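The structures considered in this document are given below.
Consider the two complexes below, in which subunit A is the common component and subunit B and subunit C are the respective partners.
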Partner chain A sequence: MKLGPALLKVHLWLVLGFLYVPIVVMAALGFNASPLYALPFEFDLVWYRALAGNAKLIDAGIHSVGIALVNTIIATALGTMAALAFARYTFRGRTVMQILLFPPIAIPWLVIGTAMLVFFYWIDVRRGLFAILLGHVALSLPYVIVVVGARLATFPRAVEEAAATLGATPWQTFRRVTAPILAPGVIGGALFAFAVSFDQFVISYFLAPPGVTTLPVEIYGAIRKGFTPEINAISTIIIVVSMGVLLLTARFYRFGGER
Partner chain B sequence: MTVADRRNRGTILALTGPAYLWLTATIFLPLSAMLYCSFLDKSPLVPQPASLTLRHYAAFIEKPVYQQLMLWSLELGAIVTICCLLIGYPAALALAKVIKGRWREAMFLMVVLPFWSNALVRTFSWTMVLRPGGLADQAIHVVAPGAPALNLLYSYPAVVIGLVHSYLPYMILTCYISLQAIDDSVIEAARSLGARSWALFRRVVFPMSLPGVLAGSALIFVPAVGSFMEPRILGGTKGATLGMAVEEQFTVTANWPFGAALSFLMLGAVLLICLVLYPPARKRMEGL
Partner chain C sequence: MSAVVVTDAVKRYDAVTALDGVTITFREGELFGLLGPSGSGKTTLLRAIAGFVTLDRGQVLIDGQNVGGVPVHARNIGMMFQSYALFPHMSVAENVAFGLEVRGRPREEVARRVQEALAMVRLGGLEQRKPKQLSGGQQQRVALARALVTRPKVLLLDEPLGALDRHLRQEMQVELRRIQRQVGITTIFVTHDQEEALTLSDRIAIFDFGRVIQEGAPMEVYERPVTKFAAGFLGEANFLHGRVTSLEPGGLARVALEIGGAASCRLKGGQVGQSVLLALRPEKITLSTEGEAGMNAVRGNVLDVVFSGNSTTYRVAVGEQVMTLFRQNLSQGTVAPGSDVVLSWSSDHLVQVTP
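And now, the complex of A and B:
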């Protein structure tokens, strides 16, 4: 009986190894001097210095961060509003609307990305950063609605009623009572939206015109030309940024569900 | 309708309208447009009026190449899903029922952390491990110095490994959620009634966690069937999928209607498989 749990624990550690070893290897080789990934390992920042002089990659990085920030603002605002409506009102069509949140999450991005390409061409929205932003917001919205909705589900409505009884105007109630209680959920949703956009490759790939790219699209192009440690360096930066955003999210939004 | 109801309706519309308008313009209308596009006889890029045709769907039936690609993609999706289940379920079990307290929280976070990091970057990192002279090669040579060089990169196993790495956290996450919901007292009760470990798992724990298993499997199977980036980077020419064919129709040959038809055939096949597998699975859950 004691053997089972011990084996399970070992298995879990092996799984964590499987998840992290490639990422660690990839990151380490970005600090290696050899352009052919040759060992022995020799520490050098040459590839990071090369990044600083790579105007194309820097442009792509600026696009990625810019789109992610604008996406976060729009998706968080619209998503929080919709989540509020779902939590506060029962109305006809509510269930259907909630089910409609699944297609953007469940349908392969390849299908969604190519569908956007076709539709945007027909309505004359040119491929480019604006089109990419339109797509990213659509993918982020369901996540924001779900995350903020989870917070609203545990919202103590009595506090709002108490504020109203004590003479607060609706606006005062919202600003002084509702908003502070809701804040962790909204921040959690915003961080999710940032991560979704910052890491999104497939949609951006189909909506990016030649010459204008985001980081993942630029990296995909570089990988297909051949491997260089410069890709390791920029990949390491991306991983650090997105994992940092996630650790922040974890502070505001418990994944485990227990509280 | 009372005045309050009408005011509510205005509020609801104002709150949900913007989000759903956005989703309509960027998800639902494009999907409809693509369905329409799959029936056109000319690519929208051609500046001539197009007429409706079933040609592209017929081409799928006439050309065995694409049926083969479809089969390969479905097979790849099934293999990846099964691997994720075999590896992920025990890990979720350890997380939910063996590890306790702060350690559980930390390890849970470790599992979901890569889940949101860039899939492309994670796929790229496997090329560093699998390429000739990479980590996998060197590890083998430490154990068996005379072994021939592993040529894993640009092979079918490489694609499977990369996809399992990408989607494993989904399975651990959904199984963990449903395993964690099982009350320990249920397990205690079964044990005090004389259930041995294996019977306990087979008759109590596993059936109760089935919703998580199914959710995880669907979440993995669907995108794995539609994958094109991982096979492209890790499989080279060895791991051809229908997803890669779709990508080519849109980026290289610019035959949008055919690419759209392939996309919808893929969606249809995946949906059909989920619909066929769902009823027996639900019966199993209801038969608890």
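And now, the complex of A and C:
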């Protein structure tokens, strides 16, 4: 009787340990002085200092954050409009279009990356930050539509009618009633779009021209060349940012619905 | 004076005719109930008055003005929804203030009128609560305060009490009536609950298949239904088939009933040999264990007896038919099933209806 719950607890800690120990070790070694990951541990910020002077990594970081932000704005705007159209209007091909939203989430990114590379070459879009941005928007759009769509599915339509009977014009109704009620879903979708773009490697790798990289691409390149704990330092920063975005998503998406 | 006039309203959805030529005049300050089964067109009419439904034909006048081209937000109406449709992200005070704020009223006036409205529905002190933190009855009061605070020309209620339990519903009926009288606003409400319609309304209209079957004061419609549907929908009724055997001076006709026996009643026109359908309310029938069959009296046999506190319901086999009657529980006790009884009634209570 007592053994069951105890075993479950052990199991839970094993799973969490399996997930997080490598990350914690990786992060810890970023603060270790040895360039060869040699122990004993000796605390030093030397790799963070080196990172501050690494122009290529910083450039890549700026690209990543910049693309992620622009991607978030575009994908959230387009995705929210699409979700509204799916929820509010019936039109030819609506069901087909809704079904077609899901393959981009399920198809391996490698395949999508290859397809985009070929397609962009074909329509004469050069490899570069713009192509990467297009790829990211295409990839994060379905996530936004699904997240905002989930919020819309429980949207009480009668409140918009109530607003109209109280004298609110369509614009006033949208601004003061529809938008605030949808906001948690839209913010959740935006955070998803940011995370999808910021963590994206394959598409960025395929669409980046020589000399221009994003953070994940740069890290991949560095690892292949032979690397120093600088990579641990930048990875730790990425993890902190990603986890932050994820926690914010959880907060808005999960709990936002009840407020 | 007439606040709202609907003339010859027609609305079709593909194969369904929701409104099939409805004409009703809603008088200034009255509480008017639209009653009917679901799909009978009553909600469509309410939504047409609100402006959510565009009529295919006919028109809606509010205060003498044809509102055909006027959008919902410019109609100056108040509407309460079945789900209340409170704004979930706003407090009680913000919900009530909404209609005044979108009209750009000054802040002091908004605050004062919100307070007045909440006091009227007896919700003072709950201003800062969110709708989720309120009970169903409280949410309803907020919805009512919000609908009335803008002083609309007409108040529309869509199944106002449908979501409440029985006890709260009766309490809110009284409350709604009090507030409606106090404000004096023309109020139109939709319900499928006949008791609610009878209790609340100054006048009612019974809908079926997109048409008004009958319109009038609740007692008038109840006592003198014009069709079998109206008689059966509003309360219960026994229906007796018969054939006119003679017409007497004074307007009374003698009718030979299919269940045996004879009745006398007032007919609308009619001639000897014509077949008629008569409605008879269960509470108008007198049951006795002695006496003879005769004019307005038939013999029967008690099938079953249901005691329900203040009254008892009897089902009595008369000829081929089963008649239902209610008997007030005074002190006479109940008549056992299987007893032979005589059912009698007064000519005034037989109402000719169209099948």
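Assume the second predicted complex is superposed on the first by the 245 of 259 C-alpha atoms of A that agree within 3 Å, B and C clash if a C-alpha of one lies under 4 Å from a C-alpha of the other, contacts with A are read in each partner's own complex, and residues count from 1 in each chain.
As a convention for this text, contacts are C-beta pairs under 8 Å (C-beta built on N, C-alpha and C of every residue); 3 or more make two chains touch, one makes a residue touch a chain.
Not measured: the values here are computed from a predicted model.
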Using the superposition on chain A described above, determine whether A:A163 touches subunit B (first), subunit C (second), both, or neither. second
Looking at A:Q172 after the superposition, I want to know if it touches subunit B, subunit C, both of them or none. Which is it: first, second, both, neither? second
Touch test for A:L129: subunit B only (first), subunit C only (second), both, or neither? neither
Partner, of subunit C and subunit B, that touches more residues belonging to subunit A: B
Mind working out whether A:A190 is in touch with subunit B, subunit C, both or neither, as first, second, both or neither? neither
Which of the two partners, first being subunit B and second being subunit C, lies in contact with A:V137: first, second, both, or neither? first
Does subunit B (first) or subunit C (second) touch A:I181, or do both, or does neither? second
Which subunit A residues are contacted by subunit C in one complex and by subunit B in the other? 258
In the complex, subunit A touches subunit C at residues 156, 158-159, 161-170, 172-173, 176-177, 180-181, 258-259
Touching subunit A in the complex, subunit C uses residues 50-52, 71-79, 81, 83, 85-89, 98-99, 102-103, 132, 146-147, 150, 156
In the complex, the residues of subunit A that touch subunit B are 1, 4-5, 8-9, 11-12, 15-16, 18-23, 25-26, 29, 37, 39, 78-79, 81-82, 84-86, 89, 91, 97, 100, 103-104, 106-112, 114-122, 134-135, 137-138, 141, 145, 195, 198-199, 201-202, 206, 216, 219-220, 223-224, 227, 231-232, 235, 238-239, 242-243, 245-247, 250, 255-258
Mind listing the subunit B positions that touch subunit A in their complex? 8-9, 11-12, 14-16, 18-20, 22-23, 25-31, 33-34, 37, 44-45, 87-88, 90-91, 93-95, 98-99, 104-105, 107-114, 116-122, 124-129, 131, 133-135, 138, 165, 168-169, 172-173, 177, 180, 197, 218-219, 222-223, 225-229, 232-233, 243, 246-247, 250-251, 256, 259-260, 263, 266-267
